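Have a look at the structure below before the remarks.
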Amino acid sequence: MTDQEVNTKMKTEEYFVNMGPQHPAAHGVLRLLLTIDGEIIKNVEPDLGYIHRSIEKMCERDSYQQIVHLTDRMDYLSSHINNEAVCLTVEKGLEIEVSDRVKVIRTIIGELTRLASHQLWWGVMGMDLGALTTYFYAFRDRELINDIFEETCGARLTMNYFVPGGLMYDIHPNFVQRTKEFITHFRTKLPEYDRLLTGNVIFEKRMKGVGLLTKEDAISFGATGPVARGSGFASDIRKKDPYSAFDRVDFKEALFTEGDSYARYKVRIMEMWESMSIIEQLIDNIPEGNIKEPTKAVIKLPKGEFYQRVETARGELGVYINSTGTKNPYRVKFRSPGFSNLSVLNHISKGVKIADLVATMASFDFVIPDIDR
Amino acid sequence: MSYFSDIYNGIKTLLTGMSVTGGYFIRAPKGSITQQYPNNRETLKMLDRFRGEVVMPHNDNNEHYCTGCQSCEIACPNGSIEIVWDRQVDPETGKKKKMIDKHIYHLGMCTMCGLCIEACPTDAIVWAQNYENSVYDRKYLTKVLNQPGSKVKAGIEE
Amino acid sequence: MKNEDLQNIINGLAENLEFSEEGSEFLNVIVPKEGLYNLCNQLRSKSDLDFDYAYCITGMDWGKELGVIYHLESTSLKHKIVVKVMTDDRENPILDSVWDIWRTAEFHELEIYDFFGVKFNNHPGLRRLFLTPDWDGWPLRKDYVDEANMIVK
Amino acid sequence: MMNIPLNIVRTVHDWIFSIMPEGLATFTEWILIAALYLALFAVVGLYLVLLERKVAAWFQLRLGPNRVGPWGIFQTIADALKLVSKEIYDPVRVDKFLFKFAPYLVIVASLIAMSVFPFSKQFQAFDINIGVFFLFAVSSIGVIGVLLGGWASNNKFALIGAMRSGLQTISYELSVGLSILTMVLLTGTLQLSEIIEVQRTGGWLILQGHIPAIIAFMIFMIAGTAETNRAPFDLVEAESELGAGFHTEYSGMQFAYFFLAEFINMFIIASIAVVLFFGGWLSPFGITEGITWFPESLWFLVKVLLIIFLMMWFRWTFPRLRVDQLLTLEWKYLLPINLVNLVIMAIVIWLNWTI
């Protein structure tokens, strides 16, 4: 037989596999239609909508105060930051300047949210790669943040603490002390994360050189957050377009240029260190001031279009509000980070193995309600 | 040569990882972070601001503070609150005034956003720190918050 | 770059452009739908504009017209504009796809097709991304009615 | 049997032979021994599951099962009862015969392997003179069951898992075999009881001061973990990639067979390690040598549990390897090292060194 005959006789057959909507690595109800040749992935086609609640349509019927609580349910791991995004947009429309106290508190709570989100991601990342123990270590530390949130806002996941004009109520008297205790605790635990997973030879081999994304592709695909910063795209809104109190703190933007899963991993680990440093800079002198700027009971935004971007734990969240001057927005669009990041997946996972796809997805840190909205 | 240094580094990092988990294993007896949930019901105390469910506090004379202004009903994003009200003659002043008949709260639809409690001008509804809200039939999730026979405390609306 | 300078440069790129800054923090460029692809291509490729990052693509129903709003940014030159395109045809709205200019448009256009029914020329696989293939109607349009599932306040 | 119950066993033996003709008596004795091993199998399997859950919990800052019985010691028995009472369900388009046959193949293979172990001096069902060879042959039958189960399930995830299993076993059999061979060079016999006798005089093989023996032990542990399809080599199940791998479609007792077989296999690998490297039922430094009433099988059990604990420690610490890295590890690292190790061992024996 010639080589060609062998090739035609040994032809392998591609087949479809439904990964999801119920799959342990999908982190929710993401359905990926995989075209596989053996273990090699030929094509990834996401099918969304399994948790689509049409939040954008619901916003068109709600008042501006009511929109805020819907955003909790988008990216539930950064609900505070989502709330902040809507509040900032509405404040931009009303031309309200919130007090320094509100800005600082929003920043601290936002960074705590980012820490909590990255902790959960770290635990789940280990679990996706088969190291189940990381999950519990991460949750141990995340619970402390959730306790801080619960003490101040009364909820652990769907906070709805920020309202247009400020905060719903003042922080709890214990807030400052507990936050400091948490930072002291976590500064000793984060090196342990590194010892358990980061340096591990199996982990490095699984992550390095997997899921390569170039900087040009990252920009063109609109990838943001740690995904983009792992590829060298300086996309941090906190630096680019500072909101709340980010213009008065000193922090480094986590930026790596390798573009593989390991770079994305390192970006998040570095962001955890930076978040802790931001909180430490602010926590000691929270200025006094109004908790809530007076707004009318029925907020009516002037006619026009308002756009605000914030940096959630997953990337850039944009809120676009088109107002016609009534008490309801005419159109609300949430530019969610997960949706754009998901579009990269097919591009970078052609020709890799199933296990690599799982590792790449873990390094992307998808939250499916954020993609579906 | 990198072949052997790879093996050496590999084994070293694996042992580092094992030392972390091994350390927790040794300290296991007192290191547990989980709660023994139904057993610790007695000691489990929710934080003051915990959003469990909306309740309407009544004082000893079976009086509440709700004037029936419907601010909460308007503020609620999901229609979890319905107020059935009526204009009745106030026995003291003899004037007609708005009084609630039923303050209906659908716990099954509530998203615990807290907007109703923020909106209430008289603090008639507050959060309860109740964390065991499951029932066997969803009809039990629809609650009437004002107690039967209760009336609004005099002088609240001023 | 200031908005006036941007307006001057962009004005030379295509015909029948409308500019406005009313009620918005960005420079708004309204382009007729025939010139959309050409304009976007030049916005992306001209070195003094270099809009390489489409950070938000929004489908829009203005009541009479359907359209798309592109929020564009240049990561190197740090300026932003908003490009709007609209079509009067509500029965069979067709616009040009810009997915080969900004790859992120591929998914965002799928979303817009799914919720507004705007079809995109040259899109590599227009399908219903969120909703089931047999879904009737375009939910985010203002005239969409679904009495069973929509609660109108 | 253990030293004290040994008398009882002899009494039973004599009694059976006194009331029955010889052929029937032998047959009855076989049945009794089989029943005994089955019981042992169930107890070992169930309590290893419990141990795994407890150990995992302690690694993970949890408490582990603690509801059924004191410290949860009846938890796995309750689980087994639940699994027994569940419907044995086979999906519509499976290959019915193979689907039902596969779990038995897996569990029988593990069961046969258990018969040759010398739990103590007299507690050994089948002292064959090619014991190591027999073990080695039998323990790789199990993978056929896994392959059949995955194939017959008519599920793509199960098929991928089963194929990975075949690949993994074929590769790692080599390393297991070669590291065992290294030790056989040192003992000069294939019979398991003889291997232990050698260690009675010379000390445990791993403590005799041969560096190749230590290397062989490390390789055996890695390859043995891979043989049992446990993390970090659990590509066959790989719950974050394949759902549950080859046993995705199984339920009830059929699933329990696969599940128990994993733990029994772990017990077998640990037992081989104990026999070959740690002197089997011999006490450390002969501290209980003179005590006649001391149950020697206790030492065997303690050593086996320690090795099993090591394997659990691996499982709850390391991430999973990718399939090509699994092969790289075997063919580029373990196999060459193993071959060189074998040659060094041969030279060591030839020149009668102790390094």
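Observations on the model:
A, B, C and D are the chain letters, set down in written order, and residue numbers restart from 1 in every chain.
Basically, a contact is a pair of C-beta atoms (placed from the backbone, for glycine too) under 8 Å apart; a residue touches a chain by one contact, two chains touch by 3 or more.
Note that the coordinates shown come from a computational prediction; the quantities given were computed from them, not determined experimentally.
Chain A and chain D have CA centres that are 45 Å apart. Note: centroid distance chain A to chain C, computed from Cα atoms, is 25 Å.
If you average the Cα atoms of chain C and of chain D, the two centres end up 63 Å apart. The set of chain A residues touching two or more other chains comprises 62, 133, 136-137, 140, 196-197, 200, 202. The residues of chain D that reach two or more other chains are 59-62, 316-318, listed in rising order. Annotation for chain C: residues touching 2 or more other chains are 151, 153. If the chains shown are joined wherever they touch, the resulting network has some other arrangement, not a path, ring, star or complete graph. Listed by label, the pairs of touching chains are A-B, A-C, A-D, B-D. Within the complex formed with chain D, the residues of chain A that make contact are 15, 17, 23-25, 39, 126-133, 135-137, 140, 196-197, 200, 202-203, 205-206, 353-356, 358.
Contacts from chain B toward chain A in the complex involve residues 9-10, 13-14, 16-17, 19-21, 24, 33, 47, 49-51, 71, 75, 77, 111-115, 118-119, 127.
Residues 7, 14, 17-18, 20-22, 24-25, 28, 31-34, 36 of chain B are the ones that touch chain D when the two sit in their complex. Considering their complex, residues 46-49, 52, 54, 56-57, 61-62, 92, 217, 219-222, 224, 233-235, 240, 302-307, 309, 316, 318, 320, 322, 331, 333, 335, 339-340, 342-343, 347, 372 of chain A touch chain C.
Those residues of chain D that touch chain A in the shared complex are 56, 59-62, 156-157, 160, 231-232, 234-235, 238-243, 316-325.
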